[in-house]
Every structure is written in structure tokens, then in C-alpha cells.
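In what comes next, subunit A is part of two complexes: it sits with subunit B in the first one and with subunit C in the second one.
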Partner chain A sequence: MKKDRREFINTCFRFAAGASIVGVAGVLASKSAKGDFFWQLDPTKCTQCGRCATSCVVTPSAVKCIHVYDMCGYCDLCGGYFRPNVKNLSTGAENMLCPTGAIKRTYVEDPYFKYEIIDELCIGCGKCVKGCGAFGNGSLQLQISHDLCVNCNECAIARDCPSDAFKRVPLEEAYQFAGFKTNKKI
Partner chain B sequence: MKKIFSLFSLLVLLIIDFAAFAQTQRFPRPEFESGYTQPVTSMPEPRAGIFALVDVLLLIAALSLITWFIHKKRSRTGVVITSLFSIVYFGFLREGCVCSVGSVQNVVLALFNPGYHIPLSALAFFVIPLVYTLFFGRTFCAGVCPLGAVQDVFLLRPISLKKWLQKVLGLIPWIYLGLAILYAATGTDFIICRYDPFVGIFRFNATFFMFAIGAAFLLISVFIARPYCRFLCPYGVILNLVSRVSKNHLSITPASCIQCKLCENSCPLDAINKPVEVKQMEDKRSATRRFILLGMIIPALMIIGGWVVSNFHENLAMVNSKVRLANELLHFNSNTMKESLEIEGFRTSGKTKEELYLESAAILKQFYYGSWMLGAFIGLVFGLSLAGLTRYRYREDYEADKGECVSCARCLKYCPVESN
Partner chain C sequence: MKNKLILWLSVVLLIVLIVFMAKDLFKTGNVSQENVYEYDLNSLRHVDESKISHKESKQIKIDAGEIHAIAVDQDDNIYVGTDKNVLVLNSEGKQINSLKLRQAASCITVMENGNILVGMSNRIDIRKPNGSLRNSFVVKGDRTYITSIAVQDTNVFIADAGQKIIHHYSIDGIKIKEIGEENQAEGIKGFVIPSPYFDLLIGRQGELWAVNPGRHAFEAYNFKGEQISSWNRTSMSVEGFSGCCNPSNIAILSDGSFVTAEKGLERVKIHLPSGDFKSVVAAPDLFEPGTVGIDLAVDSEDRILVLDPAKRLIRIFEAK
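This part shows the complex of A and B:
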């Protein structure tokens, strides 16, 4: 008798628990059908503090400098490539701003040069981004490279970013550049 | 004079405007004559979603397998094998993310924040173990959860803790769960992810501090079974509740208990309940008195808890970066202090101080109500565990405590009864 009653109460609770699990799951799943969220770094907010290079859970950081070629002036004296006040515009390591030599400078035609980022070397420190923003067109910008990013449940850089530049966005907005609208759909 | 001034200011404005324009196009893009083709700006696609699907399928497979090992084969070896798989796959290969324990926060954030929807894989990791637990007990904890599994394989010399100590420490997960919900609901932080002691080990990238904590947990696991599971894990308490009403929980004996006492001390988690004899049961009058007393104590505890915690709501809110920044700005003196990166970031963002203060005041308010609820919740948990301590429950056989037992299957081999 006692046992029966306990069993009955148990069954009631079991159905209540089951119903609430299904309910919560249903409500949330109906919204989730729209697709996943990804972390995005808003370059209009970023102040190139350097934490992107150190806070990411993957090493080297999943944040990379991305070159928006449409914005680039192809300058000989590139504010992102050269240290301020360089004596001669050569590719010597002592002239380079990038600590890892991740920017490749190639001559295009007089007086223009092309600057490419070698993803494997870039650590996302943002030094070149700062330089390009200060002396150039701001065509070098930090972005999360989504093939490298593991899309952490909570982005470790987002926590540390002093400029509140990270947010969760849907896939269409996964890349965003300051001063340039991309029409490439990913 | 006035006219000249306004003309002048117009000119100034124009120049500033022009400067702002020139800022974005200091050096216009050249027209190339050599037929140069510009490389495309690289925007690599995210890793394919197929990984998430594989994760979910493997979760279901591992859960089914371990449940079969526990319930049908009654095999501890099977549990160990599944544990090792989970440690390797969900731990080291998938780097412990996303895990069921952390998914609690995604669920809370999605419930409170209409702009966010939970990734389907995170939802699956939250729901599927609960469903299995509802039917079969905490077989997820037995060896599918990588955090539980890694502690379990380290357990070599189990010692048992004093009952009261277990009860007291067992309250911590509830507080942790409450805090995690508060911080996730306010969109402040995912503290379970941040303070996950094992994820740094799975990823080989822990800071020294987190590595030390993780290593300490594993060291403790050698002697005290599953310290994180029992005394911290916030998902564990949800599983604990669900498991109490589970349909087919593991039973120590394959047939019927003969009260031989052989399994009595076999559980490293002290999760085996001894029989309670009938004569220990209390009479009706004292039961009613106890009931009324608890009916008064629990609401009182909830109010006290709410009041106490709400007094600390400002301290709790300091974890929020906006509140912290507002506070920093309030006390910032540009003459004597060096600007922090945060303040520099704020200055360049173009937001006014007033906007920030308003935002931070709104967050503080959320924390005020949230901390009342958190306190009341803690009070309720304290009250209910008090009630649990004073309750007598008639029991004939040696049984695993459906809530505390993690279905590790260690006790099964102690039972001498043959299955029929």
C-alpha cells in the first residue's frame, strides 16, 4: 500500500519532469532552427589592444589580420608594414612593424606595392592594424578567421576585450569590415 | 561680427568634414596599368556543421552503450571502456567544448535573451542526458561526461567522508547553479566555462592557475570520489533531481536483496542507502508537528537568504564588464591615474558617460532582483535539505540512492545473488 502510493507519486513527478524537459527543448529548438551563432569582432570598436593575440584558446590566435584590398592605397610607405620613422623602405626585418614578419610586400608597378598577410604567421596582435589605421586607409583589419575559430561557447577573447568588440552573430554577418561592405556571401 | 563668426564656424565644420572624409580615403585606390588583379579578401568559412552532428550522434551512441553495459551486462569494465572513449573524444579531441555542464548557461541565456538562440548541438547536449537520466538514472555521469569520467578513472584509493561534511559540501553545487544562472541570464559571463577545472588540461593550454586547480582536483579524485561532480557540478544537481524520479534506475542486486550487507561499503560515493526498520518510523503526531515547523522555517530561510544576498548585489554585479567600466570611470582621475585599456576603448567608442551609466544602472537593477531570487533559491535549498535530514523513509533493502548514485557500477559485483 505504502509502496504503491510512493510509486504513484514518483510516476507523477516523472511525467512532470519529462513534460518540462520536452517543453523547454521545444521552445528553444523552434527558435534554433534559424541556424547557429558565431563570434564576430567588430573592427569599428576594436582599439588594437593586443589581447586578441594572447587570449584566444587556440594558439596562435584564431583572430587574424585580414586585408581588405578594396580599401588599400597600395602605398610605398605602408603604415602597417613599416615601423614609424624608418630610414629606408626596404623589406629588412628591422623595418617591419609585424613581430612575426607575416606581411609580404610585393612590387606591383611604380609606385605601388601589394601587401599580403600570411595567415600561418599572423598572431593577430593588431600592430599593423593600428599602424594602417593611423597612417593609411585602415584597410588592415582584425577579424576572427572562422576556419580556425572553434566557436567556443564563450569566446575567451570576448571576456578580455577592453572595447566590448565581440558579439554573437548569425552566419551572414560573420565577417564585418569597417568602412567597407562585403557582398560576398559565406 | 556674428555673421563672420558663423561663416567661420561653417568653414571649420567643412574642413573637419573634409578631414573625416579624407581619413577613410587618405590614399585613393590606384588605377593600375599593368593589368594587376587584386587578390580576394579572405573570409574563410566556419568549420562544417557536420562536426556538431557527429558529436550529437556519438553522444547518443555512447549513452546507449553505457546504459546497456550497466543495465543489461552489469559490467564495470564496459563503463571503464566508455569512460576512456569519452575522455579521449569529448575531452581531448573535442577539447571539452561544448559540454552538457556548460550548456545549462546557453539554455538560460536563450530563455532570457530574445536576441540569442541556442545552437541545436548545445541544446541536444543539454536535453539528451536528461532524457536518458529520466529513464535509466545518471548513466551519463557514469562515463559519458568527460569531466566525470576523468575523475572516475583517477579514483584508486577511495575513502569515505563524514556524512555531515558530504551534506554541507553538497549544498555548493546549488549555489553554483544559482550563480551561473544569474550571470548567464544577465548576459554577463559563462562562469561554468570560465572555471571549468579540466578544460585547460584537455586543451593543454591552461594558465598555471587553472592547471593547478585541475591537477588538484585530479589528485583529490584519487582518494575522494568525484569531487567536482559531488561538490561543484551544477548540471549534476539537475541530473540528481531528474534521476530521483527515473523509471529504471540501476539496482545493486540483479534479483532481490537478501540483506547480506556485502555491498554496504562498496560505494565510493557513499550512495548506498541502508534499510530503515519499521520501528524507527515516527508517529503521526510528531510528523505533523515537523511538517508545520518546516512550513514556517523554509519561507523564513528564503526571505533571509534573499535579503542577505541582495545586500551583495553590487559586488555580484562587478563581474559584469559594463558595470565594472562604469565604476572605473566614476573613480577615474586623468591627472593622477594612467588610462586603462578599457577606458581607452570606451573613449574611442564615442559613447557618452551618461549612456554607460544608464546601461550600468539597468544591469544593477537586474542584479538586485536576480540576487533576491538567488538568495531565496539558496534558502529553499537549505530548507529542503534540512527537511530531507529529518525525514524517515521506510526501506527494506540495500538500494542505491537514486539521486546521488552516478551508476558507476562498482557495487554490482559485490552482490552474491544470482540473476534468475
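This part shows the complex of A and C:
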């Protein structure tokens, strides 16, 4: 059977339209199967620039300091807790590095001290993260708290982040911490 | 004519609109914004010139993937432990030998008779001066990680950062005892080692000195395992040690003063035998921020050899 040119072009268009519909449906189905995506802060890229505290649409920021206890040295002179050149290792406000007093220091046993983050006070400035990374094992790390994050389509912090440390990931990968071979889930 | 003007105006407006949209889409906003929460480490990194007692006289570039340890022998030959071998250099920095290793070296010590002890994870290899293997033994323990070796006659003291203990062995690999285990009755508090930096050396009277890095302390033991002396200096200022585990590495000068290397705030200092701060050898600005594992050695002329793993250099410092 011989086809004329008009019929051939029509057939091509029909195939192209069909393939497009199938393709779009496939992509949508695959995205749907993977579930929702959430913003994640990559601690290995984070430079503690302070913008997590100032750029987030949530007040205080949905980015919080999270303490990865497995990595903590439980130091007496904690670089994340005490401000530089501190004279007296006490819990006095004048000795604290955190601008909001969001870290609680508790004596465990000689010479160990436990440091806990008070979420309600933490503004995600990353000052303690920088201090811990500079002098300690880097157990204090910033991460997005997903019970507070409103998961904006365009994250305001991601837009302002100078080190491109934000990306969208499935929920099961959302809590990533540095210092582990695989992502730690908490 | 009027229509043409309207058309051109429309085109210009469209271009302006596209430029604004493109700027909004592709330009990252406010990148140079000042950090109101800046943690300024510069004040700590700065060292007053009057406190610096040494000047850098020489640098020796090491051709290796990773460099981990340094030692000096009686003739001032330099031994550098790398990830694959031990490089032997003369005092001028010229390579005179290379000993292949089964694992990366974590520490090196050279005995008075020229035997070379190399620590690798949980194993000690003892090489003769010509490089051939004399004997080898494994320090038992699931968490064993050897970070330093000190030798006096036939006594080998091994710092095990994993088990937080010093093992006392004979040169032939026979275990004699453990030193430094917590013993409140004897006044021994135990070693606090949050990260794998735990150094040893033999003092001028033959005593064993160990760093207790979590306490920012030096502790001296006799060979019976009794603690005979200790001092600690905890401070973020130059007079002491800060962070979770400092000093990370030590060496000793002929007058008994201690040379210390730190991580976090990378610097090399000298402390008097009493523990008091004496001077700075190398200020933090000489090192790349984040440099760890700065190992030390002192030669017969009290020149301080600093292993800079980030720059893969041996940096030699002499008194000004």
C-alpha cells in the first residue's frame, strides 16, 4: 500500500505525541514512586557563613546545630562552647560562644563534659560548628530540622548559600552528617 | 513612522525585561553579605613576633603520596614514614635509602644502634640499619592503633591510641606490661584520647614521657609503670593547649624543654621542663588551616624538624 506525503507526516506526528505522553507519564510515575523531596544541607560543603540564621523564611531558622555524639570528645575546653581566649571554664554567659546560649554543658565525670543543643534557642548561625571543627572532632554540625522546615519550593537559604551546600533529597537521606562513611540517620 | 517608533520601543522594553529576568534567574543573591555571626580565629592565629624564637632555615620537599612520621638518628640522618615506605635522607635532605613497607607508617623511631622501629596500625617492624627486617610483632587488641614508639636500651614503649594505653615490650616482641591504665589509688587518671594523637618520648633521665592529649597534660612514668611527674596547661592562648586533643606530637631538646605541635590551631611551641610556655617555633600562619599530624624531631644541633603533611615538606627551624 502506498502512502502519500500528508498521511506519512500525520503518522509521524501521532507517534511523536504518543511517545511524549508515555515519556512524561513515565517520569511522573518514577518521581511519584520515589516520594517527596526535602532540602538537605551538606555538612562537608558548609562554611558556617551565618546565612542559615538570617535567610530562612522561618524565624528562628529551621536550620539547627545538631550534636553527633558519636564523634564528640566530651572535652572540658570545648571550642564549640567557649569563646576564644576564655579565662575561666565555667558556664558564665561571658564565656559562651553561642550568641543565644543554646548549648547546655553538663559534667559527666573527670574530665568529660556533655554538650546538648537547646533547639528552641538555636538560630543556626554555625558559630559553635566552626569552633568545634577548628579545635575538636567536628561533632557539632548544621542540618535542616524537617519538623520546622516548610520545604519551600525555592529555599531562601539555598539561594543565598555561597558554598552551594543545599540540595533536595528523598526523606530517608535528609539527615546527612559528616564524618561517617554512610549517611547517619537519627 | 509612528508605528515603527512603537515597534522599536517595544523591542527595547522586551530586551530590558529579559535582562532583568535573566539576572533574577542566574545571579546568586547577596553573596558578599557580611557574616554577623563570624567566629574570628585570626586573633588566636596571630602570634606576637617577640614570642617567636626560631626561624625557618630550610625546606625539604618529600616526593610521596602521604607523609606521616619523622625521626632523626645519631648522625642526623632523617627518616620519613610515608604511606608506602620509609625514606632515609641525609642531613642535607638528599635521599640515601628507601625501605618498602607492608602498610602505611604511623610512627618511626631510630635506636642508638641504628635499628629502625616502624609502627603501622597494630604492627611494629624492626629494621636493621641496612633496612633488612630484624623482627616484627603485632600488638594484640581489637582497637589497637599505634601512634608512637619510644625506645630505651631493649625496652620498647608503644603508644596505643585505640586502647588508650602504653604497651611495654622487649625489643624481641615479648610483652612486659601496660602503663598508664586508670588507677585512682596510685593517682593515675588514665589517658583521654578522643582522636588518634598520642605521643611518647624518653626524657633526659631515661624516664618515659607521654602526652595525655584530652587533659592537655604531660605525664612521666618510670619503667615500673609508676607516674613520677606530670603537668598540664589548658588554655586557648599561646601559653597552653586547647581543643580535644593537644599537643598532638612532641619532641625534646637537649636542655630538657619540650617541643610541641598542635592541631586545630596549627603551631609549634617550646615548653620548659616545668611546663611553662617558653616560645613559639612556628606560628599558625605558616601552616595551611586544617593541617593535622604535624610530627616533630630534634637533631643533635637542636634544630627542630617539622613534618608538614599538608605541604609534604620537612621544615627545619633554627634558633634565631
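In this section, the second predicted complex is superposed on the first by the 151 of 186 C-alpha atoms of A that agree within 3 Å, B and C clash if a C-alpha of one lies under 4 Å from a C-alpha of the other, contacts with A are read in each partner's own complex, and residues count from 1 in each chain.
By our rule, a contact is a pair of C-beta atoms (placed from the backbone, for glycine too) under 8 Å apart; a residue touches a chain by one contact, two chains touch by 3 or more.
This structure is a prediction, so every number in the text was calculated from the model and none was measured.
When the two complexes are overlaid on their common chain A, residue A:R159 makes contact with subunit B and with subunit C alike. When both complexes are overlaid on chain A, the residue A:C149 reaches subunit B alone and has no touch with subunit C. Here subunit B and subunit C are compared by how many residues of subunit A each touches, and B touches more.
In the overlay built on the shared chain, the residue A:Y107 is in contact with neither subunit B nor subunit C. Look at A:A134: by the touch rule set out above, it reaches subunit C but stays clear of subunit B. Residue contacts after overlaying the shared chain place A:P99 against subunit C, while subunit B stays out of touching range. Of the two partner chains placed by superposition, only subunit C is touched by A:N85; subunit B is not.
When both complexes are overlaid on chain A, the residue A:R168 reaches subunit B alone and has no touch with subunit C.
Looking at the shared chain after the overlay, A:F8 reaches neither subunit B nor subunit C. Touching of subunit A by both subunit B and subunit C, each in its own complex, is seen for residues 49, 51, 72-75, 112, 136-137, 159, 162. Only residues 48-51, 53-54, 72-77, 79, 82, 84-86, 89, 97, 99, 110-112, 125-127, 130-131, 134-137, 159-160, 162 of subunit A touch subunit C when the two sit together in their complex. By the touch criterion stated above, subunit B contacts subunit A in their complex at residues 24-30, 32-34, 36, 38-47, 49, 52, 95, 97-98, 102-103, 105-107, 110-111, 116-120, 122-123, 126-127, 130-131, 134, 189-190, 193-194, 203, 205, 241-242, 244-247, 321-322, 340-342, 344-346, 348-349, 394.
Here subunit A touches subunit B in the complex through residues 2, 10, 13-14, 17-18, 21, 24-25, 27-29, 31-34, 36-38, 45, 47, 49, 51, 57, 59, 66-75, 108-109, 112, 114, 116, 119, 136-138, 143, 145-154, 159, 161-165, 168, 171, 174-175, 177, 179, 182, 184, 186, going by the rule given at the top.
Residue ranges on subunit C touching subunit A, taken from their complex, read 28-31, 33, 35-41, 43-44, 189, 192, 194-195, 214-216, 234-237, 242-245, 264-265.
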